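To start, the structure itself, in structure tokens.
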């Protein structure tokens, strides 16, 4: 019992002066899988530096960076005016793809049609020359960066209907669309796999070329956030992400590397 | 002297539970309650949940929580009571000794595993049979019902066993069958224990999060049928906490406060009932 | 003519109904365990258990999650056990009814009923943010400690109550003080019962998701200190399964989780049994 | 001289008064038997003397002197070391025979292993148990027979080197042979210790005690030489009791 107390006390003292090992990255669950991949390669190249990557969400990442809970924040949306003051590093652009079950005959949708399905105006696939079945739209949760981008790019002034299923990650949305024939959802282009398909919007497919040339307009920035000028290990990591090697990893995962955007 | 110090120290330690409870209450309420007044009660108990655009209505989530809880009880109570009665009155002591711990083991299975079974088996099954997305009140009710079974079986079983032997003997002596004895004597006598078990199960169902997120679909709309998707208070918190900031986060803590109040209320009732006997 | 079911017939109908319903309950339980193990056991190679997690869990093993779970659980137990056992000792040995006893019991009962998501919210706002411990083993462990505290209090209380009163009398009559009596006689006698509570607490901590995902984070790195963020087995499984990252790995992780939980419950059950055999 | 002096002792459990103004003396090296029907206050008397009543939340008035010193002026653990108590049912603590005996001495002072070994051996010998358990000191004490367990309890008390040994119906659950062994032990130990023996068995009191006290409903009815009390009691109630007319 006494031991427990001493332990508690020492923990408390230790808690007041946190010394944490390695680089902690936190934030957007959309950025997480990509940065995780980069971090894996980074740690192979620099075995002395550990990188911890976790989700939490864009907002949590921004807050965590502001109060120092993490060293680097990730965001999949631009900062709000109230959140300014952080250093922002653009690492890539991410296209948002509207996805359907792979057996769905439809390959092309207009912005209005997508908006109609998510706002609850289009209730059956029949209205889209499909089968006479209900549309099951799957959206992201309130506050999600992907949802915010989707709302501003596709929904315009209309609100996403309450009847949509809600999931809290790209993967979870994809999982439902992959198993639900009537489903429609939206996720990062880089995460679309063979079990579902990304449809063309107004005739333009979300391919890498179309994204780079901005023919496919639905994309958003992936940002790393810093509280101050990066030093030491943190700066090594940022440099690695922006190096040709780091950018190649992001590019091969289906993102548009920042260097290419700048080059355009 | 040594004894005196020990007593003081132990008294201090003994307050750890109530202290934790107070800290939890304080922090959840401190984060959540101001928003309720800022948004106004009318807004807070409305149907519009758009926390990034000033809509803080939790009504549909409260209704959702109640629906899955009632659904879970509809599954859990009959099976739980049947199991308890069968174990306590209709089976040999060997079966009792083996089955009771086995059923209690069910309580140890992590909720994510239940949710997973829901995703891979129950949801596709419902989708095949009834159509629709499969993520539904029905799926959540069945999975939650299974999850609260051990609580109900275990507590009801103990309550049945606690009924004095003389009651049974008295009833048999009057020529009643076992089943008649159960219905007319044992269940009424064990009523308070059984109700306490059900209330604790109810608390577990209303507070479950991960399994519900995985299988309920989480649509905000109040479900029109048991095949529709549903959103509970708990799933809202877990879904949105990661991305929430400012008033949005406060709104999630407000959801937590309401949930907390419901749970404490249920606990007080359960304690009242158990203490009465 | 009205048809009435006689008492004998109703007895038979009731018996069959109860039998069938109980059988369904038991079958469902076994099915869940069997289903997970059947699909997951093939994944359980040495490599799976001892390798780092790669590509978000699509490749590699679950070593970081095993270690993370282990550290968080040990941490939670180290904190909750002294507090829980101390509270139970105080409840049984130092209070005889009265206000203090009622308020402590009420606290423990309410805490036991608090849903894990509330612990998650609390841990997030209190340990992660207010105390600035970040997403870490420390925050997760402290949150879980609070969560399993009532389990340990309750089982220890029962175990200590079950120690025969005469043991205490003997110890006092031999000149032992209250503390001597508790430390040398009561606690050793109640040990199996207390351990049962601790082990049940471990089981709860290992299987918990909602309370740790917001306090320990979801980092896949190998934990290096108590300030490392980590992803426990349950959280890893949740993310694998929910985001459809890799079903085989999800089944494998679930199998590990189920095996640990079964083993823990089995040990707890055996200890409890030995304890009951000794005192009842 | 008087080992123990009790003056006007009353004991209350909440409202109920279990002892009513008892005054009696216990002489050194005697066996004082206390007899009386159920709830006459015999056990309460013992629990008052070593202050064990305190754990029952009872309270007392009056005075108890050990070697002319008020028991409340003696530290409680020393008091209880000096006045041992043997209970009606033998209660062995969990653990080995050795641990049971060593429990008391270890509470009171630090001892080397060799000293402790010697103490355990002496206590078991004095308790007439050594021959039966010498080769199984590490066995669980709960495996001993009932009679052996009770002698273990006596040895456990002896190991603390007490001055007074109080026994609360020590033979109530035992067979005649075990009873005889315990009585023989007591008679042997009498030269070094003072005994207070509470018993329901009037024949046992008559057999081994020097003096006998008769308690009835918390009052001391009569105290006299055993011989005298059993042959010509002064009080009618005593007479009725020893003739088995009530109780």
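Think of it as A, B, C and D in the order they're written, each chain with its own count starting at 1.
Here is the rule we use: a residue touches a chain if its C-beta (ideal position, glycine included) is under 8 Å from a C-beta of that chain, and two chains touch if they have at least 3 such contacts.
It should be emphasised that the depicted structure is a prediction, and the values quoted were computed from it without experimental measurement.
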Worksheet, complete the sentence: For chain B and chain D, the contact-path distance works out to 2
Discussion item. In terms of touching chains, how many steps apart are chain A and chain C, taking the shortest path?
Written reply: 1
Worksheet item: Using the mean of all protein Cα atoms as the middle point, what chain has its own Cα mean nearest that point?
Response: C
Worksheet, complete the sentence: Relative to chain D, largest Cα-centroid distance belongs to chain A
Worksheet item: Chain pair with the most contact pairs?
Response: B-C
Practice prompt. Could you tell me the distance, in whole angstrom, between the mean C-alpha positions of chain B and chain C?
Written response: 17
Worksheet item: Using CA atom averages as chain centres, what separation in Å is found between chain A and chain D?
Response: 80
Practice prompt. Using mean C-alpha positions as chain centres, tell me how far chain C is from chain D in Å, no decimals.
Written response: 47
Worksheet item: Approximately how many whole Å separate the CA-defined centres of chain A and chain B?
Response: 34
Discussion item. Where in chain A do residues touch two or more of the other chains?
Written reply: 1, 55-56
Response to the item:
Multi-chain touching residues of chain B, meaning two or more other chains, are 9, 13, 213, 238, 241-242
Fill in: Contacts with 2+ other chains: residues of chain C
82-83, 86, 177, 242
Worksheet item: Between which chains does touch occur?
Response: A-B, A-C, B-C, C-D
Worksheet, complete the sentence: Given the complex, residues on chain A that touch chain C span 1, 3-5, 7-8, 11, 14-15, 18-22, 24, 26, 33, 36-37, 40, 50-56, 64, 67-70, 169-172, 174-175, 178
Practice prompt. Spell out the part of chain A that touches chain B in their complex, as residue ranges.
Written response: 1, 29, 55-60, 62-63, 134, 136, 141-145, 148, 159, 161-168, 176, 179-180, 182-183
Response to the item:
In the complex, chain D touches chain C at residues 50, 52, 55, 57, 76-81, 84-85, 87, 89, 91, 93-95, 103-104, 107-108, 153, 156-157, 160
Worksheet entry | Complex contacts: residues of chain C adjacent to chain A | 54-56, 78-79, 81-83, 85-86, 128-129, 131-136, 138, 217-222, 224-229, 231, 239, 242-245
Discussion item. Show me the residue ranges of chain C that touch chain D in the complex, using the header's touch definition.
Written reply: 96, 164, 166-177, 180, 184-185, 188-189, 278
